[in-house]
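After this come two complexes, each holding subunit A, first together with subunit B and then together with subunit C.
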Partner chain A sequence: MSPLAFAARRVSAAIVIVLILVAAMFTLQHLSRTDPAHAYLGAGASTTAVAAERVKLGLNQPVVTQFFHYVANLAQGNLGVSYRTRNPVATDIGEYLPATVELAFYALVMALAAGTLLGVASAGKWRGARVLKFVMVSGASAPLFLLALLGILVFYGHLGILPATGRTSSVNPPTGPTGFLTIDAVLAGRFGVLLNALRHLVMPALSLAIGPAVSIGRVLRGSLMTVLREDYVRTARAKGLRERRVLLSHALRNSVGPALSMTGLQFGLLLAGDVVVEQVFAWPGIGYYAAQSIPVGDFPAIGGVTLVLGVGYVAINALVDIFQRIADPRIKL
Partner chain B sequence: MVPNDSLVASAESRFRRFDADSSVTRPVWIMSLQKNRRAWCAGGLLMLLTGIALVGPLLAPHNPLLPAGGPFMSPGHGGFLLGSDSIGRDELSRVLFGVRTSWFSALGVIASGVVVGATIGLVAGASGGRIDEVLMRLTDAFLALPGPVLAIAVVAALGPSLTHTLVAVSVVWWPFYARIVRGEVRALAARPHLEAARLAGATRLALMARHLLPGAVPAIVVTASLDVGNLILTLSGLSFLGLGAPAPAPELGAMAARNLPYLLQSWWVSVMPALAIFILAFASNTAGDLLRDSFRDT
Partner chain C sequence: MAFVNNRSLRRASPQADAPRSGHRRLAVAVFAAGTVVLASCGSGTKSALGPPLSTSHVLNVAFTADTQPPDPDVFYAGQGLAITTSVYQGLLQYAPNTTAHQIIPDLATSYTVSSNGLTYTFDLRSGVVFHDGTPFTSAAVAASFKRRTAVNQAPAYMLSDVASVDSSNPSVAVVHLKSPNSAFLDYLASAYGPKMESPTALASHAGSHYDQTYLKTHDVGTGPYTIASVVPGQKYVLKAFPQYWGPKPYYTTVNVSIVPNMSTQQLLLQRGQLSLIMNDYLPGTAIQSLRSSPGFSVTEVPTLEMPMIWVNPTKGIFASQALRTDLTEAINRGSLVKAVFPGRATVSTQIYPAGIVSSGTALFDPTFNPGPLTAAVSKLASKTVQLAYQADDPASQQMANLLQAQLAATGLQVTVVPVPQATIYGWPGSPGPTLPDLLIETNWPDAYNPDTWARIVMTPTGGLNYLNCSVPAGTALLDKGRSAIAASQIASDYQKAGTAFAQSGCWIPLADKEGTVVAPTWLQGISYQRAVPHTIILADLYPK
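== the complex of A and B ==
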């Protein structure tokens, strides 16, 4: 199969999965304990008003018709209206999304860097490898909020060197054009704001990154151990190359495949963790938006966030697969 | 549910080789348990945790739901070993009850994931053909979605309660087990003793129950024990977001979350339950690692 055909097949599989996700969200919306008509009109609404609102919202139509309306609305970027903020959910998400993408991006970069480091270091034969294994099991066992809380207590409460909440403490941060504060600050040439934004990013991104970093490290270690038994590695050693060079330039390149797949899968965990981390650090992203919506049962908002996160996850995994196929043509789907 | 390690896979293949030269009548994993001390340690550790979860609440010095003294007592003061929370409830008692909820919730979800996943994997693997195709496509679709995120949406729709949380997580937790069992079953189905059983006229049901399922047990046991830690963390995250039992139930995640506004004055109210989760997850991950290594070394 040519790489293009492979990509086409992978993308169509992703589309099917997104459709399943959409159907799931529609079902959940129907199972939801809140009647949208009541939610929009408030507790004091009269029976006739509620009935009229149900007609307006199309809730009196057959379920199949409602489903097609739902899909048609989604296709036009209409995710419904939030019970809590009374804004279209798409508008709300558009406002909160850049903060989340920025946070997830830095967390993913940190997870990749730390995971590679952990994997390579723990695959090597040296005294620290056992300690690292212990560190990795600990990292895999720590609840996200434990790391976040300890971070706040130590670096904000005790040492006072890092901020605990929000994205920036700048009074008038740049508002465009990308919405990513670190990029906008550079574009505006305001490096004070950039530094400030990075300081706000450190703790949330790090607490998000640790779990995935450990998983990536574990898988990388496993595949490195396998590759290190290959003949060509023995050849490289026999040539008299240093162990570090054997590890880094011969073994590592052929071991990244499984670790890359793991990165894609870990992205899902990262997104779920994102909701917790944004809540702890009051990070104004869609996770915070969802966490605020949970106590009031604002399902349109939560469903919208789930759809956005789910599509992001499916897309990233499809990209990882396609990228791997290009890098290593032996891979089959 | 994270399709973790190539290591699990290598444990399985190692197991199969072992299986080849043993009698069929005695399940191999029982023999390896008899031989293997590490597996005993792992089993002991898991039993110990279960014991703590069972007995712990009986040892609680105070009622976990009622104030027993002054608010915000730091650990070791006012007769509170782990301190007291914002309305003077004993933190230790609440943690002990929370541990019970966390541990048995995780075991419950694992059990349902194993039963549902193993059934689907077994039927798919044993039937082959179109049934296999349909069941595995379904499994893959579930695997391709971010389970924990989906669980948040399910609980949010059904309304926060412990039962709903457990249902929601169970719904997204089985596909990984279905994949593993199906893989094991497909590998076993091609083996000579299965051929022999088929020739001897064993029904499909007997084949599944007596010959295919027992072969998949070690893989299930290893995967499940490595999974308990993941599940404890996922459930505590949902509880942290307010998706577990409503207040004042002593749930570890919720306890940590409700104290957030007072974090800097009374760190222990948030940190102690989080530490308890860490200890539970760490112990069960260690047990899982031991179990995996023991199967690999036999």
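== the complex of A and C ==
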């Protein structure tokens, strides 16, 4: 199969998964027994107001009709109106998503860096590798909310070196053009805001990164150990190359495949943890938006966030597969 | 995911796994120990002394969740009342800092009620200016009432009896009702009641949804504060309104941030980044700790909040009135309240929140005696009971768990189920057999009036009559009390209605609960308006 055909099949599979996700979300919404009209109007709303709202929301139509309307609206980018904020969900997500993407990006960078360090140090039996592994496994073993709270307690409460909540404490931070505060701060030449934003990023990003970092590190270590037994590595050593160079220049490049695959998987876990971390750190991203929407049964908002995260997860994994296929033509769908 | 990836993972795993399990167990143990040590350091001397005195004119407070839009005709929730009541004002208000039911002027300086109870005449305060600079006149009363009715969200019911508003005299508003409504003045004084909105601003920003888009991020009120900016989901900034007709607030800026985690809020308070915690969600242990810290004061604020058990009379064993009565006696409310709200609540003795009707009336005060229920349960074929509680409320969960243990002692097999609030809202009118047998939730009336509690919680059309109990005699008396004119008749009808509701066994009031405000000792002026929680008067706060 050509790489193009492989990519086409992988994208088709991703679309089917997203459609299944949409159907599952719609079904769950109907099984939840939460009345959207009541959720929108509040408990004290009169029965006539609730009945009128049900008609307005199309809830008086057959379920199949509602489903087709739902899918048709989604196809047009219409995710509905949030019962809580009273804004179109797409608008809300547009406001909250950049913060999540920025956090996820820095968390992923941290996870890759720490995971690579862990994998290479463990495989190369570097000095301090055991300590590093112990610290990281300790962090990854803790429930995410506990890790986040502990981070706040230590670095904000006791040491006072990192902020506890929010994305920035700068006055009038730049709000565009990208929505990514660190980039916008650089574009605006406000390096104080950049520094402030980075300080706010450290704890939430680290909390998110530590679990995936350990998983990536373990897979990379295993892969490296296998590669280090290959003949060409023995040849490299026989040529007199230093062990560090053998590891970094020869073995590492041929070992990243499984770690790359694991990164795709871990990205999903990272997004799942994002809801918890954003809630603890009051990080104004879509996980926080979803967490605020759940108690009030704001299904359009919950569904919108689920769809965005689901599509993101499916897309990332599809891309990882496609990249791996390009790197290794033996891979089949 | 391509299969080769998974194979790669499986191949890699054993090498990594061999030493992992032992390390992992040790890591978990060390992490847990570290957590305990660090947590034990959490009440160090720095926090015990409290944050230093701040004479800055900026007040920092936090909500645990983003609020509904601060639009007074839409807002029908809890914490956001701190914003709506600081920005908007109604014609009347409840007297602050008293548990007495006392309605006093706000934007109306006085009022009269016609002998037939159909006409209310309000003399309006002069010199009041809206935040858009236009003067407050009777036209605003008409416009505000009209908008609330048109928006038709939950609080609209308070004006359903209004026939018209005569605004021909700018300094007098005459409200005509379709039928007498003895709760009408309480509606006007309620934090959820109709607030005065600038007709000019409303006309300028109406759009297609009666200003609802504009009022998400702006205000059109007369209060001591005006909404300066809103960052959705993150922050509300209120600024003191320079032309405010009343005393000028000390704090000229109020920053309201959203901090969902209460432990984080506590840390922010201890480090001086929050000026006070005015919500009621700090766990009991944290409150006890702060109460004993010299730098902080814990103030109990009277509210009309009432944790209560709803009983489903349409299914299972509690379809029997006798068993419902036995259930009311089998619950040790004293121990339950003491365990969940230590020092912050008293056991209810009336079916209404305390003080709404005269003490000694509308009684609900069964003597704890699990014997009758134990005897009755022993004869039942099915002993299973489903007990639901509001999922996002730790106090409800704690009460549910304790109640489960209490009822298990009578032989009942109780399953505890968390249910989201929004799902519970959908239960009124649902078929009874699909609902749980029992529900625990905390609520409060919209106003200091029995009708605003019983009509919503205990009548068939009430939005909080979750388990659909119908007590026709009580509903009829409630209707009678609402349309009565003589004060003695009103009181008598509501008291009798309360007795009827109490005797049904469909509702088991647990406690009359207070709100809790935690602040540094230097923060003074903690004033409140009873009835609903979250109504600390921000404009009254000042540093010592």
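Everything that follows uses one rule, which is that the second predicted complex is superposed on the first by the 311 of 333 C-alpha atoms of A that agree within 3 Å, B and C clash if a C-alpha of one lies under 4 Å from a C-alpha of the other, contacts with A are read in each partner's own complex, and residues count from 1 in each chain.
By definition in this document, a contact is a pair of C-beta atoms (placed from the backbone, for glycine too) under 8 Å apart; a residue touches a chain by one contact, two chains touch by 3 or more.
Treat the numbers as computed from the prediction; the structure is a model and nothing was measured.
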Quick one: subunit B and subunit C on subunit A, clash or fit? clash
Taking the superposition as given, does A:276 touch the first partner, subunit B, the second, subunit C, both, or neither? first
Figure out whether A:268 sits in contact with subunit B (first) or subunit C (second), or with both, or with neither. first
Partner chain in contact with A:85 - subunit B first, subunit C second, else both or neither: second
With both complexes overlaid on chain A, does A:239 touch subunit B (first), subunit C (second), both or neither? neither
Now for A:306: first (subunit B), second (subunit C), both, or neither, which partner does it touch? first
Greater residue coverage of subunit A in the superposed arrangement, subunit B or subunit C: C
Taking the superposition on A as described, I'd like to know which of subunit B and subunit C A:25 touches: first, second, both or neither. first
Which partner does A:17 reach: the first (subunit B), the second (subunit C), both, or neither? first
Have a look at where A:125 lands relative to subunit B and subunit C in the superposition and call it first, second, both or neither. neither
Quick check for you: in the superposed arrangement, does A:290 touch first (subunit B), second (subunit C), both or neither? first
Where does subunit B run into subunit C after the fit on chain A, at 44-52, 80-88 or 188-196? 80-88
So the subunit A residues that subunit B and subunit C both touch are 32-33, 137-138, 141-142, 146, 149-150, 152-153, 157, 218-219, 222-223, 226, 258, 265, 279-280, 291, 294-295, 297, 317
Contacts from subunit C onto subunit A in the complex sit at residues 1-5, 8-9, 11-16, 20, 23-24, 26-28, 30-31, 34-35, 38-39, 41-42, 44, 47, 65-66, 68-69, 74, 76-77, 152-157, 160, 212, 216, 231-234, 257-261, 263-264, 267-268, 270-271, 273, 391-392, 420-423, 425-426, 429-430, 434, 446, 456, 461, 463-464
Show which residues of subunit A lie in contact with subunit B when the two form their complex. 13-14, 16-17, 20-21, 24-25, 28-29, 31-33, 137-138, 140-146, 149-150, 152-153, 157, 215, 218-219, 222-223, 226, 258, 265-269, 271-273, 275-276, 279-280, 290-291, 293-295, 297, 299, 302-303, 306, 309-310, 313-314, 317
Along subunit B, where are the residues that touch subunit A in the complex? 2-7, 141, 144-154, 156-160, 229, 233-234, 236-237, 240-243, 253, 256-257, 260, 263-264, 267, 270-271, 274-275, 277-278, 281-282, 285-286, 289
In the complex of these two chains, what residues of subunit A are touching subunit C? 32-35, 38-39, 41-47, 49, 52, 84-87, 92, 95-96, 133-134, 137-139, 141-142, 146, 149-150, 152-154, 156-158, 160, 164-167, 218-219, 221-223, 225-226, 257-258, 261-262, 264-265, 279-282, 284, 288-289, 291-292, 294-298, 317, 320-321, 324-325, 328, 330-333
